[in-house]
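For reference, the structures are reproduced in the following blocks.
Okay, so chain A shows up in both of these, paired with chain B first and chain C after.
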Partner chain A sequence: MIEGIDLSQVNWARAQFALTAMYHWIFVPLTLGLSFLCAFFETFYVKTGKEEWKKLTRFWMALFAVNFAIGVATGLILEFEFGTNWSNYSWMVGDIFGAPLAIEGILAFFLEATFFAVMFFGWDRVSRGFHLFSTWMVAIGSNLSALWILVANGWMQHPVGMAFNPDTARFEMKNFFDVILSPVAISKFCHSTSSGFLLASLFVISISSWFLLKNRHQEMAKRSIIVASVFGLVSSGFVGLTGDEAAYTCARVQPMKLAAFEGLYNGEDSAGLVAMGLLNSTKEAGDGQQPFIVEMKIPGMLSLLANRQPGSFVPGIEDILYGNEEHGIMGIDKKISKGRIAIEQLALYKKAKDNGNKLGAQTAMDGFRENEQYLGFGYLKEAKEAVPPVPLTFYSFHLMVALGSLFPLIFLLFLVLTARNLIESQRWLLGIGLVSFLLGEIAGQAGWVVAEVGRQPWTIQNMLPVTVARTNLTVGAVQTTFLMFLVLFTVLLIAEVRIMLSQISKGPEEV
Partner chain B sequence: MVVILNVLLKKIYIFYWDGFRSMVVGRKLWLIIFIKLFVMFAVLKIFFFPNYLDQHFSTDQQKAEHVLSTLTGAAILDK
Partner chain C sequence: MFATLEYSQFQSLWWLICSIVGSLFLFLTFVQGGQTLLYSVARNEVEKSLIINSIGRKWELTYTTLVLFGGALFASFPLFYATSFGGAYWVWMLILFCFIIQAVSYEYRKKTGNFLGARTYEFFLFINGSVSLLLIGTAVATFYSGSNFSLNEYNQVTWQNPLRGVEAAFSPFNLSLGCFLVFMARVLGAMYLTNNIDYPELNARTAKAALTNFIISLPFLLYFLVSLLVMDGFAVDPVTGTVFMEANKYLHNLLALPRVMFMLLSGLSLVIFAVFMTSFRQSKKGIWFGGLGTILVGLTVFLLPALNNTAFYPSKYDLQSSLTIHNASSSLYTLTAMTYVALLIPVVLAYVAYVWHAMDSKKLTVAEITGEEAEELY
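What follows is the complex of A and B.
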């Protein structure tokens, strides 16, 4: 197995980025969702005036603070990595990412300096109404803060509203609204934040289940479960809807990713969605082997998901790779040829400009613009490089979907049984509730694996592959920092878990 | 106006001062945040994560030339 892994520098840099991003994503969704749950809890306190709600709110806010403190600033490490490991990419996208990331930084700073302080220091020192307002502002602001980084990611998946400037070697923003209102950015933001709401609901259910299993703070646990179950149920519906939208968008702008996460090698009309399947591990595009050892499909469902028409055609990996004239799909080899023309014309433009040959520069530029949309393909050595790792994408997608389908059931059971005051006797369900948070984390991470591994080999879809985006560093340099991060993140995670567990075991009495 | 502003600033200062003083678990969290920021900015950023282009090129023009050379470099096509 290990000999099959490509341990080149670019893959170490990718592994390092994945490690950092996955560590960061342990905390971010919890912050996004728990902030809203705290706002709900406090709203109940302000509406009812009951001290129990206040105590409950303060307890969950303390856990929110622990999570926030450990997670804060880990995202900055990603920016360090851009400048060191991905310098070409970093230079090329500076104009696009500069504005969104600056807005995120400013928003986060003002939010944290003002409303966070009121939220944590302001109990009994500002009016109830203003404190509640601050808690809501933290929730809304945290989620808006996530918007910008997700817009940036959405742009990488579907680069719109920009033009490549060959004089500065940068993608320059031409239309801010095209970037921010890109369907990929919107569906990514909605799907990611709603999955954060779902995760936070599981977190509350998980800890409340522990209290009920230990016969401690039962009333607080049951109140928390009711609110979290309702929020979790609504969020689950929203995750499903936004996931459907994400798949629809993916079929339009990243059809290879869609084919990979469904293990679809040959396109079909009325394509079925794999409900369960075991991939043939030796299968490669074009080898004629069956892609699955065993599979169970829902007929027509993939066509419905991808095109919103049950009988429609969904292209497979081989259609995209080798082309399909009937369905107007250009093969990768042809795109590679066009991409190489774009690169050659870019080189000619540079040479003509350096020599002061204006006419030559203009002719080369015209040639470049004609083939610009295939630029990234010109850097691929062979067509098969355009296929992402199918097994990792397929299994991650199906794990995410399977867990995502389980969560609404968990929320529903908790809601009904708690409302009927029967939850304490259902110890099997409390056991499931206890581990549900871990399952939520796994589902969230799997989702990002689908999004990012599924779009390989691209850093910027169709424009810049990872091999060109990287900095030409030694393997050893990247390995060293990878191992350092592994140690650092492990230590921080242990610290987080210990502080969190200590805070939970104290319960609401000692906040 | 100045008096009102002074009173307001004093109130805000006292609000933060009292808030920080009365922290319980917050002290531990702030300590972790400071250690983390120190490791990130004073160790990782300086010694292990220099900005490659800033380190090797002094002007934007040079950086652009370098990236453009990478994009058009024959080495990439030959790989």
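What follows is the complex of A and C.
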């Protein structure tokens, strides 16, 4: 199996980014949601003045802090990895991509960093109201930072508000608001943050279930469950709606990703949505084999999801790869040849400009502009490179959706049974609640695999493939830093889990 | 609002903004200084806890300022970001490594089940406080001494030394700035702890540490400054953009930029005054004068190699690959848009200052760190 993997430098760099991002996404969604849950708990304390709410708040806050630290550590690496491992990318799109990162620092990180200290050490140093305000600021700051980084990611998935400048040979921003209000950015932000709220709710339910199974801290656990299951239920609805929106935009701007996560090789009218399926592992585009060994489809559902029109056509991988005249889709081969012309004309333009040949420069420029939108394709060696890994994308998507459909049910059962004070006798449900957090983590990771693996080979959709975006480094250098981070992050993860378990088993202080 | 500004003015403005953020970071390295003082100033566990809890309330500000420094450079000078981070790969990776281990150490050090033990996390803090600043200092010194890279026609970087940035740490000039930063951070750390902790025995020791570390830092500072004034610098022809070596370039820059010269001299005077007040007058206000002084000196360090037609990220290997604030910057549109966002920086500074005051008006005492809620502290 190892022989099948291309261990080139660019893939090691991708692996390193994936490693950092996946570790980061273990902790960050929990920070996003738990910060709001802590703010809710503290608001109840301030409103009621009851000490038990304060103890409860402090218990969850302590777990929040342990998790927060490692999220900060992995986040730092992500920001700088753009420069260290993807320096060509950083130069080519830094004019657009750098801005959200800088704004994230100014608008969000300082809110978190400043008010975090008040949240943890300010109980006796500032007024009750100011403390509550600080807790809310940490929650808002954390989620604002998610906004900016997801704007940046959304732009990579759907580059808007920019133009290629042939004189500097880079992409430059033309409209700031197009970048930050891009529909992909907005749906990405909403989907990711609400999935964070959902995960944090599962976290609270999971630990509270453990207390109930152990017959400890029952009152605190039930209070926590009520708040978390309401928050989780609302978030689940939001995750579903924004997920639907994300699929709709994906069909518009990344049809290949949509085809990959549905395992749709041949496009069709009234396309069905795969509810369950086992892919044929030897299937490749254009080989005529059946894509599935077994499948169960909901008829017409994919057309509805992708186009919001029953019966409409959804292109498959082969339509996009080889072109489909009937539906006006240009094949990748043709895009590659146009892209190569753009690259050639760009080089001619630079040469003519350096030689002071104005007419030659103008002609080359015209030739470039005509083919500019296919520039990225010119860097692909062959058309099949434009197809992302189908099995990984397909299974991740279906795992995410299956788990995402289960969570609202869990929240509803917990809410109803706790409200009726019957939860403690439902040991089976508490067992499910206990493992639900792990399932939430898996769903979140799977979601990012769909988003990022599904857009391969592009760093920036249709503009810049990963092979061009990389830094000129040796494989050994990237392997070494990959291993450094793997060992360090794993050690820190073990430390985090052990500290959390020890804090949980100690439990909150009894009032 | 900014329509009257020209592109080159935006480029200078953004270099100034980045320099301010970088200088604020240098001031906030009192956190790193405090971390390395842990071994030399604290005599027992209680004193250690006092120090860690005192700087532990500020470490995130330093960290965030560093992240913002990186982000602001990325947004405003993307070619520098790409060239330096992608080129000087190892030095940046080592610096990042030092900051990962810092981020968890405060939170995990005292917690049950922390896997590595409190001593390891304290050692992590020491590494962060010393190695990271040493490397950052050597990296900043290359703004004057140059690096080994070339850029192709598409501005893609090739680093010409296999050590990829770490080679900078073998130059006495670069190293002297690195060592100065490490000891200056300890001076600031000592002054901050003197201000922030109410514990006379420890206060006496931190006040003394401010003086000792300042004296140790002086030879490094002098070596750096003297070298700077006599060395050849990377000058840029403003008409053609050609980079060439000019004798005493940085001395010329100082003379041509009287405001920068004033910042350097007043900054150094403020630091000396702060150390004197702390060590000989038992004043607790040293950190404020020392902090302001550090910011002014920091501004000099960042402005001097960039203004007055100078290449701020020069290449020794290929002079014409050198970066200036004009050839490395973002587009006019992006710089303008970012300038509107930067109007919020004073608001951020205001709430940071307000919270700092609200949290620190009551000094940290032994009673607080041994009280009934001490378990939740660092």
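Rule of thumb we're sticking to: the second predicted complex is superposed on the first by the 503 of 511 C-alpha atoms of A that agree within 3 Å, B and C clash if a C-alpha of one lies under 4 Å from a C-alpha of the other, contacts with A are read in each partner's own complex, and residues count from 1 in each chain.
Just so we're on the same page, a contact is a pair of C-beta atoms (placed from the backbone, for glycine too) under 8 Å apart; a residue touches a chain by one contact, two chains touch by 3 or more.
None of these values were measured; they are calculated from a predicted model.
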Open item on the list: Let me test your reading of the model: by the given contact rule, A:176 touches which partner, first (chain B), second (chain C), both or neither?
Closed with: second
Open item on the list: Tell me which touches more residues of chain A here: chain C or chain B.
Closed with: C
Open item on the list: Contact-wise, after the overlay, does A:432 reach chain B, chain C, both or neither (first, second, both, neither)?
Closed with: neither
- [ ] Name the contact category of A:95: first (chain B only), second (chain C only), both, or neither.
- [x] second
Task: Contacts of A:115 with chain B and chain C, given as first, second, both or neither - done: second
Open item on the list: On the A-aligned overlay, A:167 touches which partner chain: chain B = first, chain C = second, or both, or neither?
Closed with: first
TODO: Kindly classify A:149 by the partners it touches after superposition: chain B alone (first), chain C alone (second), both, or neither?
DONE: neither
Open item on the list: Tell me the contact category for A:103 with respect to chain B and chain C: first, second, both or neither.
Closed with: second
- [ ] Based on the superposed arrangement, let me know which partner A:340 touches: chain B (first), chain C (second), both, or neither?
- [x] first
Open item on the list: Tell me the contact category for A:87 with respect to chain B and chain C: first, second, both or neither.
Closed with: both
Open item on the list: Show me the chain A residues, by the header's touch rule, that chain B contacts in one structure and chain C contacts in the other.
Closed with: 62, 65-66, 69-70, 72-74, 76-77, 80, 83-84, 87-88, 90-91, 117, 120-122, 125, 168-170, 350, 471, 473, 481, 484, 488, 492, 495, 499, 503
TODO: Please give the residue numbers of chain A that touch chain C in the complex, ascending.
DONE: 58, 62, 65-66, 68-70, 72-74, 76-77, 79-80, 82-88, 90-91, 94-99, 101-107, 109-110, 112-118, 120-126, 130, 134, 165, 168-170, 172-174, 176, 350, 471-473, 477, 481, 484, 488, 491-492, 494-496, 498-499, 501-503, 506
TODO: Within their complex, state which residues of chain B touch chain A.
DONE: 15-16, 18-20, 22, 24-26, 28-30, 32-33, 36-37, 39-40, 44-45, 48-54, 60, 63-65, 67-68, 70-72, 76-77, 79
Open item on the list: Which stretch or stretches of chain C touch chain A in the complex?
Closed with: 53, 57-58, 60-61, 63-64, 67-68, 70-72, 74-76, 78-79, 81-87, 89-90, 92-93, 96-97, 99-101, 103-104, 106-108, 111-116, 153-159, 164, 330-331, 333-334, 337-338, 341-342, 344-345, 348, 351-352, 355, 358-359, 362, 368, 373, 376-377
Task: chain B contact footprint on chain A (complex, rising order) - done: 62, 65-66, 69-70, 72-74, 76-77, 80-81, 83-84, 87-88, 90-92, 117, 120-122, 125, 166-170, 340, 343, 346-347, 350, 378-379, 381, 467-468, 471, 473, 480-481, 484, 488, 492, 495, 499, 503, 511
